[in-house]
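One structure coming up, written as structure tokens, with questions to follow.
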């Protein structure tokens, strides 16, 4: 059975090879502001991939700036994204999405207005499992057009996907072939980066290394900018190497109100307020106005929710859980 | 003194915690699965290997995670790795159990967590598979925890998000899913259900105290088989309730909710 | 074109799933001596995979013990192995091999007698590239029976392999499908391990993580045994997790005369002596007698080549290159 | 004062070092390739991205590596990763150049480093592909460095270990190899050879000082084409020799060897 869903974000590996060939491998500075990074690297019609997972390590400051700049007409992967794609949905920024998990803030509940947006028929969805969507990134990261996998078979998730069945030439086994996913742009929030884009992520890596390899343009938002010596002194720290990266943005507390492991915990209070606000159009509009359009910087936004005091509380909470930064 | 009254959530978690052998491995999500796995580690299966699909392996959970990749899942973990690693651990056959919920379940244990109504014009849109399809496709045994109701237990399932036994015996293998896998238990507020070896149909294994076979059948939209070895479920023990309430979920993040 | 080579080390993924299901996932002590580990985990007929690469991070103490115990009739992967498979060849321990690179000590030259052994017809070879053999491990590590790749196509390397051509269901591209490689036993030398098998490797990882995931039995030889806290305090250190591992052997300086990055450099002097000794049967026999059969421990062997003084020299050399241990 | 006499090894390394654009990427092995890449970084392409198949990326090499994964390859590197990572970087098209040797080469640039004689009963067994086949299959341009001789340059190649243009125009694409890839230069002790765009046959691009076209052809077992733009190779410069001898290979680990 071939999936009936529309194939999004796919490219021929030979075309991607030509693209990657042209991409600069020079060690050159790529540091810029949020505004410039959003303006230059997110274009209407782009297929967007966001790093992180659920309520963890989300490039929230970047997403705010995208909403502020009213970037629209996007495609994106809702890869166990909730906070991130929900924010994009809040701004009605995408029309087509590969979805493996969306809408709900996991254990905390779901924002009604976002569910409604998904039910409205305004968004085209192609269905996947988390594993399948992760493997789609991995296929691209390996320079392939597909990977064989053993899940999704026999279900409606398979039916509404864009996968195809194939047979193993060695065993005769049936596999599902999932097509590579080559996003136009990826945004990944990390613990530390140098000005060239070398990036360090601490804790779970989720699919971010594969996303960085798969994507045509990669924007890194980082809690801190560090000297290149941080990597040269201990090159196992480099989770994403510079030659994959197009832009580096300093973005302290950039994952707030989501969790940044080893740095600050998620802000349950604020997330509950968001769920509440995202109940209806009016609440949503008010939330976006107050928290994004009326804020000049991401710090302005954090200040609306307790500022320094709140941040210190989330840092303390994180230190209780993970015993402080032990890089 | 432990209050021996318990709510449905507490009951389901305690019953679920008894499933695991020591040394088994489990892929868990937030909520009930996590609570059951933590309780099991403290009482029945100290070597239960807990993994999260965001990439954490064998943490010593300080509290209930709110997100599958949040910092609590990394607390004193033995490895922090990637989603691909977690999924390939499943694909290699290293995960014994997974734990799922769902809006609908049919007599073959197929689950819907995607849409009610037509896929392209849904009445209700749910989150979708997440890791559920991968877990149920590739772990050895799927455990479902969900309240018993006619609306949920139905053969008119709108969308098969996650495979049970699909259309019955042999169907998983025919679809290409790994050999000898499938749903193992469905734990509800009324009963523990299993699956008949031959027909792969859902079957009552034990009924919880205070409920009858009829109660269970009346709250199911299809005919249930009944095990030859039907039992009454042992109620939560004093020890289970004490540890669940004091150590596993002291803030009642899970056990304070209504089962749904 | 399907490869005409014999398919070695292949299994059906469903059979491997049954095997891995039965493998204990308990956190239980696995520490044992070299002698016991070789005796229990290497059986006649086994397909053996060795960690490391070329002259780097080779489980040499383990190989010495295998030769001492006269383990034979093996199959193995010569995956840019030279020192390791050459030593096995010196002991005439394998009859069949998947070879991507063998015989030469890279820049240092080649041992004539080992080349002769390969030319003798006593060894059956199936041909691969390094990439292909690495991807065979990776296919197994992913739980698959094959991976599509874009190298080896059109060459005699392809012809004498056991790969098969397939077509991409999305693009119509031709791929080479390389079959999974599931070794019976793997031996990997690491920087640090706890008694349960959690293992830390510093520097290049080569194919060792995939090998550990692909293999039925995994023996870790470690420069040092560390408390489990070493991993729990910083779980990104765990390159190989405990549940993959069957045995842990303390093996200080266990890679000598090969290089152990961040610990000690390779002993060029000794390697040149080996090349010299491995010129003819007599030299080879003398080398094995003196360095293995007449030595009770691996330290006895190191003492023959300068002992403490030599080791300190190699540590100093390493510190010059990599600036000391910066874990 | 730099001694302006040079040996064949020095000549080949200096000529090879001039191939790279700044900002290009290269997969290198030990020996000549590494020396040429290091020399190029110091003189022509400071941003040359050097990678090793054992997993090291962008080191600042303190000396000539003896092994493709030895500690020198990790010295002040920007990343230490895996062989799969290095190979997939090639497969994604991120590597511009690779550098190979071989026992035999034919007019299409196909290379043999596996056997002389019959595969199953070889007269000589060489190491085999190593990473060479992967490099030449998936990098954009293959550079071969090898001394010129009739024995080496032969169309009676015993075994194609590593693909050149295989049987000629279109053959790589037909075999399934990535588009627009293939051999780019062959650098010998006598000449720099390229490949004719149309026929994909080997072609003299420039002849080294002291040699003639006839010398090159006489030491080649097949007919060579000659470029319309034939030049004399510029000899090693004073600067090249000085840096090669003093900084790149002070212990003469490579330049002290006979070309073979």
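First chain written, first letter: the chains are A, B, C and D, and each begins at residue 1.
In this text, a contact is a pair of C-beta atoms (placed from the backbone, for glycine too) under 8 Å apart; a residue touches a chain by one contact, two chains touch by 3 or more.
Note that the structure is predicted; figures quoted are calculated from it, not measured.
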Shortest contact path, chain A to chain D, counted in steps: 1
Pair sharing more residue contacts (C-beta pairs) when B-C is set against A-B: A-B
Whole-Å gap separating chain A and chain C, where each centre is the average of the chain's CA atoms: 37
Between chain B and chain C, centroid-to-centroid distance (C-alpha), Å: 41
Whole-Å separation of chain centres (CA-atom averages), chain B against chain D: 58
Geometric centre distance via CA averages, chain B-chain A, whole Å: 28
Sequence positions of chain A contacting 2 or more other chains: 13-14, 143-144, 149-150, 173, 175, 203, 235-236
Chain D: positions in contact with at least two other chains: 56, 74, 80-81, 90-91, 138, 178
Chain contact topology (line, ring, star, complete or other): other
Which pairs of chains touch, using the document's own definition: A-B, A-C, A-D, B-C, C-D
In the complex with chain A, residue positions of chain B that touch it: 29-31, 52-56, 62-75, 80-84, 87, 90-91, 110, 114, 119-134, 137-138, 159-163, 166, 171-172, 174-178, 253
Touching residues (chain side chain D, partner chain A) in the complex: 22-25, 47, 49, 56-58, 60, 74, 76-81, 88, 90-94, 96, 138, 140, 178-180
Residue numbers on chain A that touch chain B, as the complex places them: 52-57, 78, 80, 82, 99-104, 106-108, 110, 115, 118-119, 121, 127-132, 134-135, 138, 149-157, 160, 165, 173-176, 203-207, 209-210, 259, 261-262, 265-266, 268, 318, 320-322
Parts of chain A lying in touch with chain D, wherever the complex brings them together: 13-14, 16-21, 23-28, 141-144, 198, 213, 228, 231-232, 235-236, 238, 241-243
Touching residues (chain side chain C, partner chain A) in the complex: 7, 10, 12-14, 143-150, 164, 166, 168-171, 173, 175, 177, 179, 202-203, 233-236, 323, 326
